[in-house]
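Per-chain residue numbering starts at 1, and chain names A, B and C are given in the order in which the chains are listed.
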Amino acid sequence: MNPTAVAPSAPVEASWRREVRADAVGWLADHQPPTTREELWRYSDVDALLEAMAANPADDKADVDAPTVARLAGDGPADRLVLVNGRLIADLASRAGGTEAVGVLSLRPSDDRCPTDSYRDLRHDDWFLATNRAASHDLAVIEAPAGSALGAAHVVHVTAPSGHRPVTHHPTTLIRVEAGATVTVVESHVGLDGAAAANASTTIEVDAGATLAYHRVEQGAAGSAHVGHVSVALGPDACLHATSFTLGAATTRVTWDVICAGDGSSVELDGLVVAGSDDHHDHLVTVDHRGSDTTSEQRFREIVGARARAAFTGRVLVRPGTTGTSAHQRNASLLLSPTAEADARPWLEIEADDVRCSHGATVGQLDDEAVFYLRSRGIPEPHARQLLIEGFAGEVLEAVDVTWLRQHLREGLEQRRPAIEAAR
Amino acid sequence: MSDAIREVIDREYEFGFEGTFESEVAPKGLSEEIVRFISARKQEPDWLLEWRLAAYRHFLTLEEPTWPNLEIPPIDYQDMHYWAAPKPKGPAPKSLDEVDPEVRAMFDKLGIPLSEQERLSGVAVDAIVDSVSVATTFKARLAEAGVIFCSFSEAVREHPDLVRPHLGSVVGPRDNFFAALNAAVFSDGSFCYVPAGVTCPMELSTYFRMNAADTGQFERTLIVAEEGATVSYLEGCTAPMRDENQLHAAVVELIARTDARIKYSTVQNWYPGDADGNGGIFNFVTKRGRCEGARSKISWTQVETGSAITWKYPSVVLQGDDSVGEFYSVAVTNAHQQADTGTKMIHIGRNTSSTIVSKGISAGRSQNAYRGLVKVLRGAHGARNHTQCDSLLIGDRCGAHTFPYLEVKNPTAQVEHEATTSRVGEDQLFYCRQRGIDEEEATAMIVNGFCRDVFDQLPMEFAVEAQALMRVSLEGSVG
Amino acid sequence: MLEIRDLSVSIDGHAILTGLDLAIGPGEVHAIMGPNGAGKSTLSAVLAGREGYDVEGTVRFAGHDLLALEPEARAAAGVFLAFQYPTEIPGVGNAYFLRTSLNAIREANGEPPVDARSFLGSLRSHMEELEMDPSFSSRAVNAGFSGGEKKRNEILQMAMLEPTLAILDETDSGLDIDALRIVAAGIERLRSPERAFLVITHYPRLLELVRPDVVHVLRGGRIERSGGAELAQQLEEHGYGPRPEPEAVGS
């Protein structure tokens, strides 16, 4: 693909966006896409991702209606912002979340202020991220003003292939939670049937003492590819409760890059990955403890069935000169088929001594004892297995405190069941 | 933590003296001529020379690995000797009594008497100085049991039929950069063959000593345990204190047939360099065992306290059904030492199991990394792994890293990895001090307790030595 | 034997003890009671030499300026603290630990190390008295012990180390009735004219088994009142009562 061929959607772009775009284009001219020989890409299906992204840029011929959005992304009380193929569809926006004070914006062409500075600080170590910067259209922006206590905002990025033509696009969200504010943001990545690639980026800044509940849901169409990059910077005493769900698409690579920059900042991150059919999902989570007295808790789970492969790499970094770090990470993979594969790399990189860090990773199958126990209570084996799989996933779902979303995710899991259990 | 703990002062390396005997060395540099020189010097058969030359040619196409968490200064492979040996004072010694007294004196000073009556009376020792084996004790008694234990050179001469089919069969000459280098220029090492049904009547050990300056050591060890055989083997290593880095690139291959057991223990105490990070050994070692037969077992235990840089991953290929692999490791780094060490457990057979216990201790300005792979192949029905990987930090200028890789392709496998990182607890230190034990003693006690699971795996004679060694290694990191 | 004068302790600028005075003579058993957060455990930690406190005032103990000594030197001088939450030390055997401790204290006092036979003999008999399972001695220090086992282990160490001042920090908390009786009997056995006890507790039930000579109420950062053994019973019945000077702390 050629990112420079993508025309900006707004007639006049803000100067900072033009700079970011130019920087990224320049960087891409000097760099090649990653290969699996690179340690952090070792378990990714990079070729499939690149092939999907080589498709034509998506156009703005969106044929998506509100019921479709509700079906794909769930529906509940939230201020909703819908972007199709990277373009804001104003008709699909709704206000029901009690977040009147949240500035829910799309691209503001003439606004010379970037809501999240870290969007501009290009960390040019990621080809996909640079490509996003070079080629993205409208930006979904959520801003919670200082001290506000708000309800839920819902950003829906829809990938919509037109006809049988594969498309690629670059959904982008910026979230800024100012000092002392509290807000919930749900970000859904969904797609209409057809070959497509989404190369998404979310930039999050949580200022001093603010709290963000952020739920990221990937439910792309079967056969699609998804690259996601979530960058989070936490200020002093800032707090992030996040969840990450990968329930759709055939090939994914989702990167979380969380920086506990401010002293006393904390993050809780729960993730669930469901891989069935021939899916190949790869998740890389880095929590970088740069401030003192920071805490992180990561719990990631994968359900891997059929001929799928799911990989998880979790990195905990504790920087020199910090004190009072507490970092814990747990990863569990449920491997359900003789043709599936699960890979895990729970890494700790510690450069300070006042730490309490731990990680644990397990790969296994359903507990035979538990299956037997349920069968002894009269539950047939397939059902018993299903209950246990639901239980395994359910512990992650419990971290979602948005009722309608939890219900939607439950249904999404149910729909994935045949794909997981196939070829067992 | 108190300021005192942050102070890292010079520590003593008690094996840093230099033997007084004369050495002869090959000219510096690496070339096909040097490979031929080494082979000729050892009067090797043609097939082995060809094997070396093929490895050398492949080596020329390789680059040093860059993936470890290590900062390795450039190594000039042309600026070292690939062959050095104590100068013989006459014909080769026919018995232990004829070993050069100066060489004997050095080993006495190292606490490894080359005599069959002394302290280590239950242990047979193959003593290797630089590129050659200078003595092997208890050969006669071992021969009675059918056990062959001798230097690699002797094995090539006397037992080519046992060496040739096994050489390079676990760690091939093209395996990696350092293994290829070793295959080209390996000098000496130990060979051990335990015939079917035999339990080796005593502990076997090899003591490696790098003595000559500007010299690399490239030993090669091969242990074959036939069906139902059992052997326990231990290696120890020391080197003089020198300002220049010296390269040690060894290869160890283990083969365990059906129902065989091999226990391989290492107490590695190469010179680690001085408090400012000058000098010390680069310890780049490839060790791998193949559990070839059903119910075979290979167990690696290592206590790594020395070397400026350590790069080693003693591994087990679990090929036989119901075979067992174990890796118990204590790695201590202090001052400017760096270590990237761990293991690979490759599960191939059915119902194979592996256990990994790794204890890393970082002090001073050192960097200590565990890196381990647990791989369960498609057919490894019922594979089991448990990994416990703990790191302890002493001081806030060092690093502790954990890089496990779990790759599982069989849904009946159970793979579990647990890891923790913390510092020596202030509560623990205070508790000990309230009971009258000073800080340094308390730290040593807590650290030894932390490593207990690994020390318990060492043969008795060496467990005590390992604890003492660790105390010396950490000296100066506290108080 | 122990003389505390005008002891003030704060942590990160937050005052905990404010001018505490206390004197204990040889052979005496003093109990300190008081509401939660009164600073009882802080007092014991400061006497034993835990770091992290800002300490003012003087503490004389058997001719020593106690506050100037390192924790291990205080132990050598005869101060023993039975911890409220004994620390776990994985991999270090109980008997090995105790022998190291005993010999370190003996060495500091110019005495020869105790030989293994008599050490083990004395350890065994003390363990029997405390009704401890013999496997205790080879288990790692406090690792995986129940709360009651840990407390009993503290009393065992006290018996073996024979301190001149034993500070018991809520040794009765977490004990069931049988364990409390065993622990109390262990303390009673060690009572002697040369040995002083400072018993910190919330509950009078321990003090029914180990009769104190003096009971102090610690509140507002200092000793609020003192009395005989009967004071403990009064406190049980009437509570600590209203605070006489509500904002006295930090003055």
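Methods note: a contact is a pair of C-beta atoms (placed from the backbone, for glycine too) under 8 Å apart; a residue touches a chain by one contact, two chains touch by 3 or more.
Being a predicted model, the structure only gives us computed values, none of them experimental.
Engineer: Starting at chain A, what is the smallest number of hops through touching chains needed to reach chain C?
Structural biologist: Step count on the best path from chain A to chain C: 2.
Engineer: Would you indicate which pair of chains has the most C-beta pairs in contact?
Structural biologist: Result of the pairwise contact count: A-B comes out on top.
Engineer: Relative to chain B, which chain's C-alpha centre is the most remote?
Structural biologist: Taking each chain's C-alpha mean as its centre, the farthest from chain B is C.
Engineer: Let me have the rounded angstrom distance from the C-alpha centre of chain A over to the C-alpha centre of chain C, please.
Structural biologist: 54
Engineer: So, what's the distance in Å between the C-alpha centres of chain C and chain B?
Structural biologist: 48
Engineer: Could you grab the centroid distance between chain A and chain B? Build each centroid from C-alpha atoms only and quote it in angstrom.
Structural biologist: Centre separation, chain A to chain B: 44 Å.
Engineer: Can you name the residues of chain A that touch chain B in the complex?
Structural biologist: Against chain B, the touching part of chain A is residues 39, 320-321, 333, 335-338, 340-365.
Engineer: Report the residues of chain B in contact with chain C in the complex, numbered from low to high.
Structural biologist: Checking each residue of chain B against chain C gives 2, 425-428, 430-439, 441, 445-446, 448-453.
Engineer: Where on chain C does chain B make contact in their complex?
Structural biologist: Touch residues, chain C against chain B: 48-51, 70-72, 74-76, 80-81, 83, 86-92, 97-98, 100-102, 104-105, 108, 140-141, 157, 161.
Engineer: Quick check: in the complex, which residue numbers of chain B touch chain A?
Structural biologist: The contact residues of chain B facing chain A are 1, 67, 376, 378, 391, 393-423.
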